[in-house]
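Letters A, B and C mark the chains in the order given here, with residues in each chain numbered from 1 onward.
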Amino acid sequence: MTFQKTFQTQTRGRGTYDITRNVEEVVARSGIETGICHLFIHHTSASLVLCENADPSVRSDLERFMSKLVPDGDPMFDHTIEGPDDMPAHIRSILSKMDLSFPVTGGRSALGTWQGIYLWEHRIHSHHRKVTVTILGD
Amino acid sequence: MTFQKTFQTQTRGRGTYDITRNVEEVVARSGIETGICHLFIHHTSASLVLCENADPSVRSDLERFMSKLVPDGDPMFDHTIEGPDDMPAHIRSILSKMDLSFPVTGGRSALGTWQGIYLWEHRIHSHHRKVTVTILGD
Amino acid sequence: MTFQKTFQTQTRGRGTYDITRNVEEVVARSGIETGICHLFIHHTSASLVLCENADPSVRSDLERFMSKLVPDGDPMFDHTIEGPDDMPAHIRSILSKMDLSFPVTGGRSALGTWQGIYLWEHRIHSHHRKVTVTILGD
């Protein structure tokens, strides 16, 4: 069995946005008991990650780390058409990935207790983002 | 067809642990001939990676690289509740990923000759870790 | 339904190679309407990434960034049997991943407008690389 659903969301600029509930609703609706849930973001400057979901400082530390690892406006970048966050957003997305998947067990998302699903916007400004959820299994 | 199996393991602190055999046993038991094998670790401070499986210095070099990239006790981190390796473990897991998948061909894991599957413990101390293997295919 | 196909390619040394068409041909041939397309590279010194497909400077900037992040010949590496790019190629592959997947919708690859699929060769010299495409769905 295969169940697929696309949703769209508007980010408010760089940062992590909890989409766990959006995804879990699709899992519940799919009627699939055992399998995997696959997520995909159709962009090259935003990504999908699993992150600790209890202490918000984990996500601010993660953001700070990434901003230091791939600095906006780094003079080594040639691709700066859309501004100093353009090329860093592409690299950040490649390092944190545009696909993500996890098991479905007993008709539910089998995430760990502390795992939340986050859409990570890497551009400074607000963007419209599209995510596809595909559930495969029995 | 879908086959799913969870296993648990106790790590002995930071480092990479070969789980290739555990996974290949599940693939063999599944009876699935063609498809994918999907692995997932239900934690935010350990990850799953494919790594060269012949020379142990690859994995010690990898560990050294990661320790330098995300230093324990870095003063930029606010999230230090569980110690200097707490936040680095979250970042290391996000950079190396909690999900991993590879093809199943002819009823077996279609890994490359030099690819081994490793559970990467990012915390300094021993932890109990849970991994789910899901095999999808025909 | 499951459809699997392996293809081989010869790289001309370090860099990114567009394999979007090779993959899309397999998707079309599979006859699968809704599901996921899973890609896997059977090596530990090359990887698979989604990257912006319009401006080539994105990929040269990405290469430059990675070369700085994981420098060839870094004296911290012990594993240097095959030269100064040996261990960096393993780390670069782990950071950029050997598996990649995206949705199939309406019998076609549901990639974003700017997403191209690239095989990323991390070794300096030419190598023979094997990629398996597995499509799962209905």
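Quick notes on this structure:
The rule we apply is simple: a contact is a pair of C-beta atoms (placed from the backbone, for glycine too) under 8 Å apart; a residue touches a chain by one contact, two chains touch by 3 or more.
Remember, predicted model here, so these are calculated numbers, not experimental data.
These two copies of the sequence, chain A and chain B, are related by a rotation of 120 degrees on CA atoms, to the nearest 5. Here chain B and chain C face each other with different sets of residues for the most part; under half of the interface numbers are shared between them. Rounded to whole angstrom, the centroid-to-centroid distance between chain B and chain C, based on C-alpha atoms, equals 20 Å. Of all residues in chain B, those that touch two or more other chains are 69, 95, 97, 101, 136.
Residues of chain B touching chain A in their complex: 1-2, 4, 38, 40-44, 69-70, 76-79, 81, 87, 90-91, 94-95, 97-99, 101, 130, 132, 134, 136.
Taken in their complex, chain A has these residues touching chain B: 34-36, 49-52, 55, 57-58, 60-62, 64-65, 68-69, 95-97, 100-103, 105, 110-115, 136-138.
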